[in-house]
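Report on the following structure.
Chain nomenclature is as follows: A, B, C and D, assigned in order of appearance, with residue numbering initiated at 1 for each chain independently.
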Amino acid sequence: MAKSRFEYVKNYELPDPLLPNAYIVVRVDGRGFHKFSDAHNFEKPNDQRALDLMNAAARAVMDEFVDVVLAFGQSDEYSFLMRRSANVYSRRRSKINSTVASIFTSAYVFNWAKFFPGAELLYPPTFDSRVVLYPGEKEVRDYFSWRQADTHINNLYNTCFWALVHDGQTTREANKTLQGTNSKDKNELLFSRFNVNYNDIAPYFRKGSVLVRVDPNPVPVVLLEAEDADDSGSETPEAALASAVEKRLSVEAKGEEAAGPKQAGGSAMPTTGAHGKKAKPYEGTSGEVVVLHEDIIRNPFWRARPWLLA
Amino acid sequence: MAKSRFEYVKNYELPDPLLPNAYIVVRVDGRGFHKFSDAHNFEKPNDQRALDLMNAAARAVMDEFVDVVLAFGQSDEYSFLMRRSANVYSRRRSKINSTVASIFTSAYVFNWAKFFPGAELLYPPTFDSRVVLYPGEKEVRDYFSWRQADTHINNLYNTCFWALVHDGQTTREANKTLQGTNSKDKNELLFSRFNVNYNDIAPYFRKGSVLVRVDPNPVPVVLLEAEDADDSGSETPEAALASAVEKRLSVEAKGEEAAGPKQAGGSAMPTTGAHGKKAKPYEGTSGEVVVLHEDIIRNPFWRARPWLLA
Amino acid sequence: MAKSRFEYVKNYELPDPLLPNAYIVVRVDGRGFHKFSDAHNFEKPNDQRALDLMNAAARAVMDEFVDVVLAFGQSDEYSFLMRRSANVYSRRRSKINSTVASIFTSAYVFNWAKFFPGAELLYPPTFDSRVVLYPGEKEVRDYFSWRQADTHINNLYNTCFWALVHDGQTTREANKTLQGTNSKDKNELLFSRFNVNYNDIAPYFRKGSVLVRVDPNPVPVVLLEAEDADDSGSETPEAALASAVEKRLSVEAKGEEAAGPKQAGGSAMPTTGAHGKKAKPYEGTSGEVVVLHEDIIRNPFWRARPWLLA
Amino acid sequence: MAKSRFEYVKNYELPDPLLPNAYIVVRVDGRGFHKFSDAHNFEKPNDQRALDLMNAAARAVMDEFVDVVLAFGQSDEYSFLMRRSANVYSRRRSKINSTVASIFTSAYVFNWAKFFPGAELLYPPTFDSRVVLYPGEKEVRDYFSWRQADTHINNLYNTCFWALVHDGQTTREANKTLQGTNSKDKNELLFSRFNVNYNDIAPYFRKGSVLVRVDPNPVPVVLLEAEDADDSGSETPEAALASAVEKRLSVEAKGEEAAGPKQAGGSAMPTTGAHGKKAKPYEGTSGEVVVLHEDIIRNPFWRARPWLLA
C-alpha cells in the first residue's frame, strides 16, 4: 500500500542480459595490491602463500558456478571462463559480475589466516571485475594466451628485478639495469650474474595457475603429445603420430555424430558439448577442480579438454 | 611481441559508461542470508550485531567513494547514493558495481570478529549488487522511500512473527496467524497479545540505518521543522514559520546566486552543489559519516541536507 | 513445426529500453549532403526549398509521434525532443531510432517534387540518426542552445563565404580570407564589403527552424517579455515587470497545485505536465504544429511553453 | 565560444559498439504494410511489383555496405547479413541500424514509380529496423532458415486464403476454412479444389528472395551437389561423390593454409575469409549482386559460398 506508491522505481532497473551462446570471461583484479603486498610483506618476486590464497579464492568461484570450466590466475588477477551455453542468472551481466567479485573477495579474506598463519590481515583487500564476451573459440584461446604470455613477461622481469635488488641495487637502479632489455637479455643476465636458469624456476611462477575440473574421460596422453606436434611443424611424421591422429579424429567424429541429432533438435541454448569416447554431454556439475601450472597457449591443453570450448 | 599477438582480445572489452549527471544508486544484497543468519544464530527478528556489521561494511564503501553521499541499509541489503555529478572511474558501470560489491563484502568478513566476538564465521558470506540510474530528485527520494517503507513492512511482520514463535507457535502457525492481516491488525496483535507498542521498538529496527556525512554548515532545526509543516498540510500560519521560511528562501537564493556563474560557465559535469549560508560547493571529501535511524520518506531529512540531491 | 526448430534465434534480440523519465532527443543527420546539395544545385548559402523540405520531413515525424513536442532543424540535420514521460514502443531504443530515421527519410523523398518542382531527384538521399538521453531540463535546453549556436556560427560563415565566392573569389580564396576571423570580423566584412547587415538576414537562416505544437492556453506575451528581463540582468525593475512576474508565479503555483495530487499518486511514468491557467495536463495529442524561426537559447521561448520540459 | 559553452551535451552521446567478430544481422520491417498494401491495391497473395521493389531497396543497402554479403527478403521484411569482421562505422549500433533503415526506405520511395508505373504513391511508407548479433555460424544459418521457413508457412497459408477468397468466400470464411489445417491439408486443398500443385508456384513466392554477390571463383556445381548428399544421409556412396568431397576438402585445406599465416599474425579483426582455389581473401568490394529464389535452409547454398560465414 504505502509500499506500492514508491515501487515504480524498480522500473528503472533495466535488463542487461549477455548475448546468448557467446563465451563469458570474468576477470577479477586486485585493487591497490602493490600497496597491499608491501603492507603484508609478500615475498618478492613471488609469494607462494599469496598465490595459494588467490587459488583458493578462485576455487570458491568455481565451486559456486558450475558453468565456470576454467580459471587462470597470476599475481593479483584471475580470469574465469564460463562455457558459452551458461544460463546462470539468465546471463544478467551485473548479477554475474558482482557475484563473482564478491565470492572471490569473501573467500580471499575468509581464508587469509589459513594461508598466512601468524600474519595479521591489516585491512580488507578488494577486487574489481569485468565481464567480457567472446563469440568464438579462437578468441577465448587467445584471451588466455594473452594472460599467460603476460605472466611470462612479468615474471621474467620481476625475477631479474628482485635478483638485482636482493643483490644490492636500489629499485631505481634495478629498473635502469633492465631498461631496454629483451627476453634473451634477461635470461642471460639471470644465468651469467645469478647462475639461475630461468626455465628451472617453478612452473607455478612462470606459467601461473590453471584451475580446471577433472575430466571423467581423459584422452590418452600419448595422443595429446602427438597432436601437439603439428604446432611447431618440425616433428617427423612418425607412424606413431599418424596413428594417434587418426585415432583422435575418429574419436572426434564419433563425438560429432552423437551430438548431431541433439543439435538438430534445435534447442536455443545447447547445454552440452560432446567429448571423448562416449560423447557424453558435459553436465557442468561433475568434476573435482585441480590446479595446474602448465602451458595453455599451445594446443595440447585444449585438445585434452574439448569440453572447455564445446 | 609474443604478447601483442594476443592483445587484440582487449578490444572485446566494450565501454559501459553510465549516463552523465543522472543519480547513481548501487544496491548490495546478501546472497543466501536466510541460511547464513540461521547458521550463525542471528537473533530474531533483529540481530543488532549483524546490523552493526552491515553498517560497518557500508561505512567502508563511503570511506572509499567520496561521491557516495548517502547510504541506507536494512536486513541484508544496503543502497548507496552517488551524487549525480560523480565521475569516479569515468562512471564505468561494471567497475563501480563490482568495486562496491567487493568493498562491502571484504569489510563484512574482515570486521566479523569485531561484531561477533566469540562467534566463528563458518563460511564466507557473499553479496551481489546492481547499479540503477535515476534522472531526477523525485525518483531518488522515492527510491529511498521505497526501501524504508519496505523496512517498515518487513519489520512489523517479523516482529509479530517472532513474537508468536517465541510464544510457542511453530513458524507455520505464525505465518498462518498473520495471513491477511494489515498494519493495523499487526499493531493491534502486538499490543493486545504481547503488550508491545510497535512505536516503542528501537528506530534502528523500525527505520533501518541511514549513513550520511556530517554537514559542515547545518541548517537550524527550527527552520527545518517549519518547512516540514507544509507537508502534512495542517500547519498554522505562525509568525515563526513565516519568518523561518523566509530566512530559508533567502539562504537558498544566495546559494543559487553564488552557484549561478559557475553553472553559466557550462561545465559538462557540474561537480558542485551549493548549500547553506556560504553556498560553498560540496567537495565530496568533507564530512565524517554518521549513522542515523530516522525517517527519510518525509521532507525534513532532505531539506536539512540539500547537498544530497544537488 | 519446421518453424519452431529455428525460432530460438529470436532470443538473441536483446532488450534495449531507454532509461525511464529521461528526456529523449533523436538527431537525424544527412549522409553525404555536401555532394547531394551540389548534385541538386542547392542555392548557397541557403536554399529555402531544401529547408522547407526538411521542415516537411520533420513535421511528418511529429505527426507520427505525439510525444515529440519540439523539433529544431538547420542545414541537413534535425533534432527531436520527446517529452520525458514518453512510453512509445516501450521506449525501445532501436525501434524509436530507426523509425524516426525512416519516417524522416521517406517524407523527404516523398515530398521532393512538391518543394523542388521541375527538379528531378537524381538519387535517394539518406539520413542516419541517434538517440541521446538527458536527465534534466538544463541539459535539454543546453542541447538545443548548442544546435542553435551552431546554426549561427555556420550561417555567418557561409554567408561570408558565398558572398566572397559570388563576388569572384575561388572557394579556396574565400576560405583563406575568412581564416582566423571572429564573429565581429565577419559582421564587419559583410557590412563594409557587401553592405549587408547580418541581422537583416532572414531569421529562417540565422535561427534555423523550430517546430512546436500550438499551445491551447498561451501565456500572454507581455508576461513573457517581462520574464525574459531577468536574463540580461540590466533591466530596470519597473512596476509592470514586477506585477507580470507576480502574475506569472501565481499561474505556476496554481499549476503545481493542480498537478500535485497527481504526482503524489506516484505513477511511475507521469504522463502529464501542467501548464497555463487551467493546469490541464498535456495529452500529447493536441496541437497543430507550427514552424518558428526564433531564439531558443534564451528563456522566453521555454517560459511560454512550460509543457515542453514538464 | 558561445558554442563551447553548450558543447558538453555531446558527452551524453554514449558509445554503442557491437561485439567484435560476431555476425551482424539487420532486419528491416515494414510499418503498417497491411494498410499500405491495401491502399495501393497490391495483388494477393503476392504482388511481384512490390516484391521487386523490396529487392531494389535491398540492393541499395548492399550497394552501400560492402560488408553485407547476403540479404533475404519476403513480404514487407528484409534481413541483411554483415560478415563478422565488418568494421563499418566502427560497428556503432545506432549508426548502422538507422543508416540501413534510411537507405532501404529512401530507395523504396525513390524507385516506386519504376516498379509501379502509373500507380501513385499515396503516402510515404516507413520501415523500422533492428540489429541482432550472432556469435556462430550455426545461429546465422538458423536465423535465415527461420525466415525462409516463415516464408513458406505464410505463403502456403496466403495462397490458400486468397484462392478461397477469389473463389467467393469472405475473408472470415476463408480464415475459418483454414483453421486447424496443417501443411498437408493445405496442399491437398489447393490441389483438389483449385487444381494447383503448390510446388509449381513460382519459387519467388515460395522461397522469398536471396541477394548475394556473385562469387568470382565459384565451386563447381557437381561438387556442391555431392556435398549436399551427406545431409539426408540416404545417398549411395558413389565414387563420384567420394572424389568430389575429397577434391573439396583439398580446396578448403589449401584455403586454410593460405589464410593461416595471416591469422597467426593476430589482427584483432580479421577482414578476410579465404575461399575457392586461390584462397584469395574476400575483399568485400567485389561481386555483382544477384537475386535468387532458392533454398537457404539446406547446406548447398552455403557450401557454394563459404565466404558468407568466413
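As a working rule, contacts are C-beta pairs under 8 Å (C-beta built on N, C-alpha and C of every residue); 3 or more make two chains touch, one makes a residue touch a chain.
Protein identities per chain, from UniProt: A, B, C, D = tRNA(His) guanylyltransferase.
Predicted, not measured: the structure shown is a model, and the values here were computed from it.
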item: Subunit D (tRNA(His) guanylyltransferase) reached from subunit A (tRNA(His) guanylyltransferase) - shortest hop count over touching chains; value: 1
item: Between the pairs A-B and A-C, the one where more C-beta pairs touch; value: A-B
item: Rotation in the CA alignment of subunit C (tRNA(His) guanylyltransferase) with subunit D (tRNA(His) guanylyltransferase), degrees, nearest 5; value: 180
item: Chain centre separation in whole Å, for subunit B (tRNA(His) guanylyltransferase) relative to subunit A (tRNA(His) guanylyltransferase) (CA means); value: 37
item: Distance between chain centroids, defined by C-alpha means - subunit B (tRNA(His) guanylyltransferase), subunit C (tRNA(His) guanylyltransferase) (Å); value: 40
item: Rounded Å distance, subunit A (tRNA(His) guanylyltransferase) centre to subunit C (tRNA(His) guanylyltransferase) centre (Cα mean); value: 52
item: Multi-chain contact sites of subunit D (tRNA(His) guanylyltransferase), meaning residues that touch two or more partners; value: 5-6, 8-9, 12, 19, 21, 133, 139, 142, 266
item: Subunit D (tRNA(His) guanylyltransferase) residues touching subunit A (tRNA(His) guanylyltransferase) - in the complex, by the definition given at the top; value: 19, 21-22, 84, 133, 135-136, 138-139, 142, 263, 266
item: Footprint of subunit B (tRNA(His) guanylyltransferase) on subunit D (tRNA(His) guanylyltransferase) - complex, ascending; value: 4-6, 8-9, 11-12, 14-15, 17, 19-21, 264-269
item: Subunit A (tRNA(His) guanylyltransferase) to subunit B (tRNA(His) guanylyltransferase) touching residues, read off their complex; value: 1-3, 5-10, 12-13, 31, 60, 93-95, 97-99, 101-111, 121, 123-134, 139, 142-143, 145-146, 149-150, 152-153
